[in-house]
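See the structures that follow.
In the two complexes below, chain A is the common chain; its partner is chain B in one and chain C in the other.
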Partner chain A sequence: MGIIGQSVTRVDAPDKVTGRAKYTDDLADKSALIAKVLHSTIAHGYVKSIDTSEAERIKGVVKIVTCFDVPDIPFPTAGHPWSTDVHHQDIADRLLLNRHVRYYGDDVAAVVARDEVSAMQAIRAIKVEYEELPFVLDPIEAMRDGAPQIHEGFDHNILAHTSYEDGNYAEAVKEPGLIVIDKWYDTPTVQHCHIENHICYAYEEAGKINVVSSTQIPHIVRRIVGQALGRDWGSVRIVKPYIGGGFGNKQDALYEPLCAYLSTVLGGRLVKLDMSREETFASNRVRHAIRYHIVSHVRADGTFVAGKLEAYSNQGAYASHGHSICAKGAGAFRQLYRYRGACKGDAYTVYTNIAAGGAMRGYGIPQMMFALESHVDDIARRLNIPPLRLRQMNLMEVGYKDNFSKNENYFDSFNQCIKKGMEYIDYDRKLEEFSHDTGDIRRGIGMAVFWYNTAVWPISLESSSCRMVLNQDGSVQLQLAETEIGQGADTAFSQMAAEELGIPLKKVHIISAQDTDVTPFGTGAYASRQTYVGGFAVQQTARIMKERILSYAHELTRMTVHNLDIEDGYIININNSRRLMSLAELATTALYSLEHSRHITAESTYQVKSNAYSFGCSFAEVEVDIPLCKVKLVNMINVHDCGRLINPALAVAQVHGGMSMAIGYGLSEQLLYDKKTGRPLNNNLLDYKLSTTMDHPHLEAQFVENYEPTSAYGTKALGEPPATSGAPAIRNAVLNATGVEIDTAPLTPHVLFERFREEGLI
Partner chain B sequence: MYDIKALYEANSVNEAIELMQQHPDAKIIAGGSDVLIKLREGKLAGCELVSIFGIDALRGISMDEDGTLRILPLTSFSHITKDPLINEHIKVLGEAVDMVGGPQIRNIGTIGGNISNGVTSADSASTLHAWDAIVELTSAEGVRQLPIKEYYISAGKVALRPAELLTAILIKEESYAGYKGHYIKYAMRNAMDIATLGCSVNVKLSDDKKTILGARIAYGVAGPVPMRVPAAEEAVRGKPVCGETVDAFAGAAMQNINPRDSWRASRDFRLHLAHELAKRALTESIRLSGGEI
Partner chain C sequence: MAQTKLVKCTINGEYTETMVDVRASLTDMLRNDFRLTSVKKGCEVGECGACNVIIDGECYNSCIYLAVWADGKNIRTLESLLGPNGELSDIQQAFIDEAAVQCGFCTPGFIMTAVEILESGRRYTRDELKKLLSGHLCRCTGYENIINAVEKTMNKRLSEREGE
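And now, the complex of A and B:
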C-alpha cells in the first residue's frame, strides 16, 4: 500500500491554515466569567493576611478566593501515569492556593469577574501581608547547612538523590598514567514558549466538573483534578481540543485544578482562566537548570577509563516531574560513552525558590548533552585528538544492551549519522581551513551526538488504546487518547490506520479532540512516545477491525476469510486480486441488513513492554566576532536515526523545531532571577531572548532509517531528540573557532565578554 | 481587553490640542505600539487617550524651500525606510528604523512616538541626534522649535508642555549636505529586540577624501537619554583619514559616556561595545563617503 513513509499533507492542515481549527479560547462561550490569579511578590514566606475589601467593591467582581479558603488537599501535578505503588507516586506538595509561598509568582488568591478588566482591577486592589523568610535560588546553596527549608520533610531541601557505580571507580582511577579532566558545566533555566499560553475553562453539568484545557495529557489531568478537588475521578471530564504547542509545560496539571475549583464554588458557572505570557514564564513550569561536575580519567591514546558525574538539578519550588529529569540525564552519562574501568554517578534534585522545573522537550538530555558533549571536546583538546575520532573510540558499541530497559543498540547509528552530517557540512575541509583563521572574526565547526530513548517503559506504564468505527461509506472513525499537539500525531496515526486497514487515507477520519468521557484511555503526548506506543494500539485495533470486516465479507461472499483482504477500500480475493465488493457496500449492508445487522467497530488496549534507543548528532558552523563577543550561526545539520519515517515531511518539521530550540538553548535563552528579591527579571518575550527566524541559518535535517525491530511500524523517538545536541555542537564550534572553553549555556555575548577577557582575546 | 477609560479621536492638530486641553490627564496615542503595551501591563490602567492616528496631515516626508527635510511625526518606520528623500539625503535614518522590532511594528510604529517616549534605546533617536535634528512643537500658543538634544529631558520625559504636540522633525540642509552615516544596533538577537547599545556616526570628508571635515556621533543606551559625544567629534575634526584617527575617535567616545550596570548588560561590556561600535561606525561612514581606510 505504502501510505506509511509518504509525506502526505497533514490531516489538520486545511483547518489550521484557514483558521477554522478551534482552540480552547475559541470554544469557550462568551458568557464565561474570567478568572485571574494573584501571584506572590516575595520569593519565600507566609501569607499573614489578605485584605480583599477594596477589590470586592469593584464593579464586575463576582468572587475572590484566597489561600485561606481552599481545601487542605496536597496534590501532585506531574503528567506521569498513575502508579498503584505508593512509593512510585509523584510527590503531592501543592495546594490550589498557597499560604506558604515558595517562589516569586506563587499562587496566593484568585479573582473571578465578569470581564478581564474588572478582574485585573481587583487583582491590583488586593492587599497581601507577608511574613518574609530567607530564600535560595541555587541548588548547591540550597543543600548547605542552614539554608532555608522550603518543604517540610526534605532534609537539606533534597527532593531525591540517586547514585550508581558501574565497576570500581576508586580502583579504576589508580591505573598509572591516566590524564584527569575535571570540570563543571552549567545549564540555564529556560521556558517552553509554546505559542498558545496555557488556558482552560470549567463548568459543572450532569453531576460532573467539565474542564476544557490546553493540555497534552487529558486522561492524566482528569486524575489530578479529581485528586486536587477530593472528587471521584469519574466525576471529572477533561476535553482537549487543538492546542498551540506544549513542549512539556502542558505535560503537567497547570491551572485546571484551580479553574475547576473556582467553578465549583460558583455553583458550577462557566469560569475561564487564561494565562498571560508573563505568568507563563513566572508561574508555569521551566526546564531544570542543572549544574554538572564531570571528572574523566583517560589514557593518552584517548581511551576513557573512569568517569564520575555529579548532577545538581534546580527543582524550584514544587516537585512537579522532580527527579525523573536529572536521573534520566545521569542514566545517559553511564551509557553513551564506554568508561572501560568504572562509571559513577550521583544525581541530586533540590528544591529552591524559583518556578518549578517540569517536563521540557528532552527531559534532562539537553542539559546532560551540553555538559557531556562539551566535556568530550575538552578532553579531545587536552589530548590533542580530533574530537570526532575521540568519540568514535569511546561511544557506545553496536550490540550494547541495557539490562534495565532491555534496550539494544542494534545498528551503527552513530557512525551512520555522523557520516551524513560530515558530508553535508564538509567537515574535514572546514576543520582544516578554519584552523588557520586569525584576527577579529574567526570561523569554527563543531559537533555533538545525543543519546535518547523512546517512551517511559520500564520506569512507568506504557499503554495505549484505540477505537475504530466503520461508517456506511466504508470510512472509519479513528480515536486515540494520544494527543495532537502540533507535532502531526493525527496524521501519522491516520497513515498507519489507512495502511493497516487497506483503505485510502481520506477514508480515515481521525477524531482529534480527546474527551475523557468518550476517548479510550491513554496517557498522551510526552516522552517521544506516541508514534511508537500509539502505533501498537493502531495496528492491533486495525487488525481486529479487519478481521471483523472480513468475517462479515465471508458471510456475504461465502469465501473463506483466508482468501480475503482489503485493498484501496475494496474487499478482494487475494488469489486473483479480483475486487468482490467495496467496503462501502459491505458496511452499508452490515448496518442495515434485515438478516444480520452489525455495526462493525473495534477497540483495544496495547501495553508496551519495550523501549528503543534513538540516536543521532548535530553539526554546527559558526563565525565568532571576537570584539563584539558575538556568535553567528552559519550552518547547522541534525541527523537522526529514528527508525522508519512515517511521514518524512513531518519528520523534517519536527527536527527543524527542535533545532530552533537548541539554538536558543545554546546562544540566547535564559530565564533570569533577581538575586536580591527572587523576582523573575525577564519573564516576557522581549527580554527573554527566544531566537527568531532572523537568527537561524538554513536548518538541514537528514535521517538514517534503520527499521526499529521492537516497533510496530519500525519507528522510534523523534519528538524530543532534535532539541538535545544542537547547543553543545554550537559550543564546540565556538571552541574550535576561538580556543576558549565556555562551560555555561547559553553562550550569550555577556558570557563571551567575560571569557574572552579572561583569556586575553579582547 | 484594555483598561481604557476613554478614547478621544482627533482629526486635526487643532482638534488634538483642544482635546488635550479638555482632558489634561489624557495620553497621546499614535501607532500604539508602546502605549498599548503599557496599558496591558497595567501601568496606564484606567487612562484617557487622545488618538492622533487619524491626522493624515501629520504623515509624510517633504523638503522645505530652504532644503530642510521635514519628517512628519506619524510617518511609520516602513514609510521612512522606503522614502526617496530619506534614501537620497539621510539613508542611515531609513536603515536605523528598519531595525525596530519586526515588520508589524515597523508598519504601525511612528517616528514621532519613537522619540516622544523619551527612551534612550529608540532606534531613530541616536541617528536624529547625530544629524542635529530639530523638533517642531505646536500648542495653542503657537509653534516653537527645539534641538532634539533639548527635547530629551530625562529617561521617559520629553520637553512637551501640557497640550502641546510634536508636529515635525526637521533636518536642515547644513546638517545633512555632504554627510554619510552608519548606524549599528547592538542587540541580543537579529529581530524583535531593543538595543543593548546603539551607535550612529556620520562624517563629511574633504574633496580628496583624505581629511575629516566633520564627524558626529550619538549613542543610545549609553546614558539615560540618547547622547552626542562632542569630545570624540572634536578629536577628529580636520584629522587625516587613517586608523589612528579612528582609534582616537573611539577612545574619546568611550571615555565620555556613562552607561549603567544592569542585568541587561554590564557597564564594562557596554563601554567595551561603545569603543568597538564607534570604530566600526566611523570606518563604515568613511567608506560610504568614498574614503579609504
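And now, the complex of A and C:
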C-alpha cells in the first residue's frame, strides 16, 4: 500500500484556492519600471528610420531602445537542451529587436516608463518608416521560385528538409491491383492560450542579471539569456515561480532576453515586461499549421502496402523549435501503421511571414494524427471496410522495436484501449443505429488512435537532478529542476519521494519554485518527460538519502543497516517490524550530536538513455445539423496506456485538459491572418474561439495500466498525448454521420458549408 | 499629471479609503493598492474571467470596471472566503477534492462565480451551471472537474439546508 497510485490531493492546491500562490506579477515590486514593445505593422520589410522624439517627451518615459541600438548577436530561442555539437544546435536567427522585420507583430523597439499608461502612450508616439517587401503566409507558396526571401542562406525559405524511405516505394507500388488513396489534409495555426500571459521582470544584483519569469524551462532560459546578451551564463539567474499554464509557448525564450537587456541598459533597475493577450497571440509562438499530402497504396482486403507522406510545415518568421515538430509527426507516420512494402516521407519546414511556430502540447502529433487518422478512415470508406477493423489489420504490431530510440511496443495497448473506448461509448450499437439517420440532423460516431513517445532521448540530452535535505522533524525538502506548470508535477514527485523514503506525504516539502542559482540542473516541462525522467532522479536520490539515514541509524541502534528500514516515518527493524525510533528523533540527534554531527542530505543526477511509447485512442459521438453546417459534440472518451498511474485523479484531470484542447483544434480554434496585409485578424479571446463550458460534453478519461518496463515507477508520457487524437475522432464521426470527408481542421460551419455544397447535401 | 480621485468602499468586510488614478481599473486597484493578488489579469478586456470579483453581491470582471466606480460599493475577492481561523470554505475544499485546480490561474475567478451561484440558494441543473460558469476560460481542466466541484457543493449546501 504505497502512496504512488493514490489520488492524493495536489500539494499546491491549498495555495491556489486561497490566492496565496504567487505568480510572476504577484512577486514584482510595485516600483518596477514598465516595458512595452513596439511591434511592426507590416509583414515583411526593413525599418528605415525610427523617430522617437515625440515619445521621449512623454512624461514618465525613462528609456527608448530601438532596433538600431541593440547588440548584433543572433540567438536561438527553442527550449531544447543545448548541444555541444554545432550541427545539432538550434538556429540562431533572432535579435533582441529587428531592423529586418519578418511578420506583422515583429519586435522593433521597446519603451521603458514609470507606468503602463506612459509606456503605451510612448509606443503610440514612436514613428517608424518602413521599406516594405513582398510577404508570404503559406509554406508551399514560400517554397516557390521568386517567393520573398525571409532569411538569408535558406534556399526557397526551406528551414529544413528531411526524408526517409523504408523499403523501395517505387517497386512496392507496382504490385498489381492496388487501390490508391491520394489526399491532402490541412491543419490550422492555433495558440496555446494559457490564461496567464507571458510575463517577466529583470534586475541586476550581485553582479548578475536576475530574471523572474513565467517559463517552463528556467535552466534553458538562463543559457539563452546569456547567449542573447553575450554574457557568461553563470552571471544570469532565472527564477520560475508558479505559472498560469504554458502548453509549450513558455518552452521557449520569449521576452526574457529583451527584458534582461533593458534592465542592463538602465543600470540594473527593475524592469517588468508583461504581454497583453493580443501580443500573446500575435508575437509569441503558435502551433505550426502543417499541410499534408498522403498517398496510400492498399490491397482490396485492406492491407497497407505502400505509403507516402509529404509534410509542409509553416514555421513562420523565426526558427524557434523549427523542424523538430514536423519531423516528429513524419516519424510517427512510418511507425504507427505497417505499410508492408514501403513507407516514404518528405518533411519540409518553411519560413513564412507569420508568428513563429514553436512547441505546443503534442509537438507535431496533433497535426499528424489529424491527417493520418482522417486518411485511415478515408481508406476504410473507399474499401468499405469498418474503420476499426482496418486499423486492427494495419496498426503497429506488438513487439515492434524502433532501432533508433530502442522504443518497444511491449503490450497490446491499442486493442486494450480501443476495447475500453468501444464499451464506454457503446460503439457497435451506435454505429448500426446511426447508419439509418437520414434527416437534417444526423448522428455519427468516430475514433482515432495516437502515437506518442516520452521525453527526447536519443535526439537530445535527457537528464534530471534532485536534491533532498532532512529536517530536524524528520521531514524532507525535495528540490528538482523539473517544473510545476499546472500538470501536477510537484504532487507526483512528492508521492515518489514519500514512497521511496518511507515517510508520510505530508513530511515531504517540495520546493515548487526553481532558482537557477540553487536548483540543481534539469531542463524542465516539455516532451511529456518529467514524470518519467524526474522519476529516475527522485528514485536514485531517495535511495542515496535512505542509505545515509540508515547508516546513521546503525550508529544509534548498533543494528546492521541490512536489518533496518524506514516505514511511515520511523526507523524499523525489518525482522519484527518494531519501531526503533522516529525519523525526527534521528534527524535531531544527527544534526545536534556533539559526538558525530551530520546534516543528512543527498543530491544526484540521473541521465536517462531510454524512451517509451505511449499509446491510446479517442472516440467521439456527434450530431451534425446539415442545413446549419454545425457539429455538436455529444460524447467523448480518451483511453490512454501511460503505464502505471502515479495519481489517478490528476491523470484524469490531465486527460480532460488535453481533450478540451483537441475539441478546440477539431471544431473552433484557428488564428487567421489577413491575406492582404499579413495582420492577425482574431488575436483576442473574443474572436479566437477557445472552448468554454458550453462547448464540452462530459469528458470521459480511462486508462490501461501496463507497467512500463523501462521506467523508474512504471510510468510514461501523459502530458501531451491527450491533445492528439480527439480532433480526428470528431472529424471521423462527422464523416460517419454525413459521408463527407472534411480534410481541413477546424470543422467550422464555413468549412462544412463549402463541403456540404460540393457534395450536394445542401 | 494623472487625475486622481478618492474611492471609499468596503473590501472583504473592511472599510477603506484610497486615492486612485481615474484611469485605473478595479483590477489594478485591488492588485496594486491592496495587494489582493488572487485577482488575476488574463486579458484585461473582459474575455477570460480571471479577474472576477463580487461587487454588491454580483460578479463582475474587475478589469473592465473602473476603480472609481467602486466608490460606495461592497467588494469581495477570493481572499475573503477563509473562515475566522483561516479554515477553507466548502467551495475551496471542493476545488481541491475534485482536482479542479491545475495551473490555478483561472481558479480565483471561477470560485467567486461559484460563490455567487451558491449564495443564490437555488438548485441549478448541470446544464444551467455550465451556462453560469461559461464566462470563465480555462485551458487546463476541460472544465469537467470545476463543474463537478460547484455541483457537489451546491447539492451539499442544499441538502444541509433541507436537513435543518
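Just so it is clear, the second predicted complex is superposed on the first by the 761 of 762 C-alpha atoms of A that agree within 3 Å, B and C clash if a C-alpha of one lies under 4 Å from a C-alpha of the other, contacts with A are read in each partner's own complex, and residues count from 1 in each chain.
Here is the rule we use: a contact is a pair of C-beta atoms (placed from the backbone, for glycine too) under 8 Å apart; a residue touches a chain by one contact, two chains touch by 3 or more.
Keep in mind it's a predicted model, so treat the numbers as computed, not measured.
Peer 1: In the superposed arrangement, does A:30 touch chain B (first), chain C (second), both or neither?
Peer 2: Touch partner of A:30: chain C, not chain B.
Peer 1: Quick one: classify A:195 as touching chain B (first), chain C (second), both or neither.
Peer 2: second
Peer 1: When the two structures are overlaid on chain A, which partner does A:488 contact: first (chain B), second (chain C), both, or neither?
Peer 2: Once the two structures are laid over each other on A, A:488 reaches chain C alone.
Peer 1: Name the contact category of A:277: first (chain B only), second (chain C only), both, or neither.
Peer 2: second
Peer 1: Should A:117 be classified as contacting the first partner (chain B), the second (chain C), both, or neither?
Peer 2: both
Peer 1: Should A:656 be classified as contacting the first partner (chain B), the second (chain C), both, or neither?
Peer 2: The answer is second: A:656 touches chain C but not chain B.
Peer 1: Looking at A:397 after the superposition, I want to know if it touches chain B, chain C, both of them or none. Which is it: first, second, both, neither?
Peer 2: In the superposed model, A:397 contacts neither chain B nor chain C.
Peer 1: Quick one: classify A:668 as touching chain B (first), chain C (second), both or neither.
Peer 2: The first partner, chain B, only.
Peer 1: Of chain B and chain C, which one touches more residues of chain A?
Peer 2: The partner that reaches more residues of chain A in the superposed model: C.
Peer 1: Answer with first, second, both or neither: which of chain B and chain C does A:132 touch in the superposed model?
Peer 2: Neither partner.
Peer 1: Do chain B and chain C land on any of the same chain A residues, and which?
Peer 2: In chain A, residues 117, 685-686, 692-694 are touched by chain B and also by chain C.
Peer 1: Chain A touches which residues of chain B in the complex?
Peer 2: It comes out as residues 1-3, 42, 45-46, 102, 186, 188-194, 196, 263-266, 268-269, 272-273, 276.
Peer 1: Report the residues of chain C in contact with chain A in the complex, numbered from low to high.
Peer 2: It comes out as residues 1-2, 21, 23, 31-32, 36-38, 40-45, 47-48, 50, 77-79, 81-82, 88, 92-93, 95-97, 99-108, 111, 130-131, 133-134, 136-147.
Peer 1: Give the list of chain A residues in touch with chain B in this complex.
Peer 2: Interface residues on the chain A side: 115-117, 120-121, 124, 627-629, 668, 672, 674, 681-682, 685-687, 689, 691-695, 748-750, 753, 762.
Peer 1: Within the complex, which stretch of chain A touches chain C?
Peer 2: Answer in residue numbers: 7, 9-10, 12-19, 21-23, 25-26, 30, 59, 117, 192-197, 242-245, 247, 274, 276-277, 485-488, 649-650, 652-653, 656-661, 684-686, 690, 692-694, 696, 698-699.
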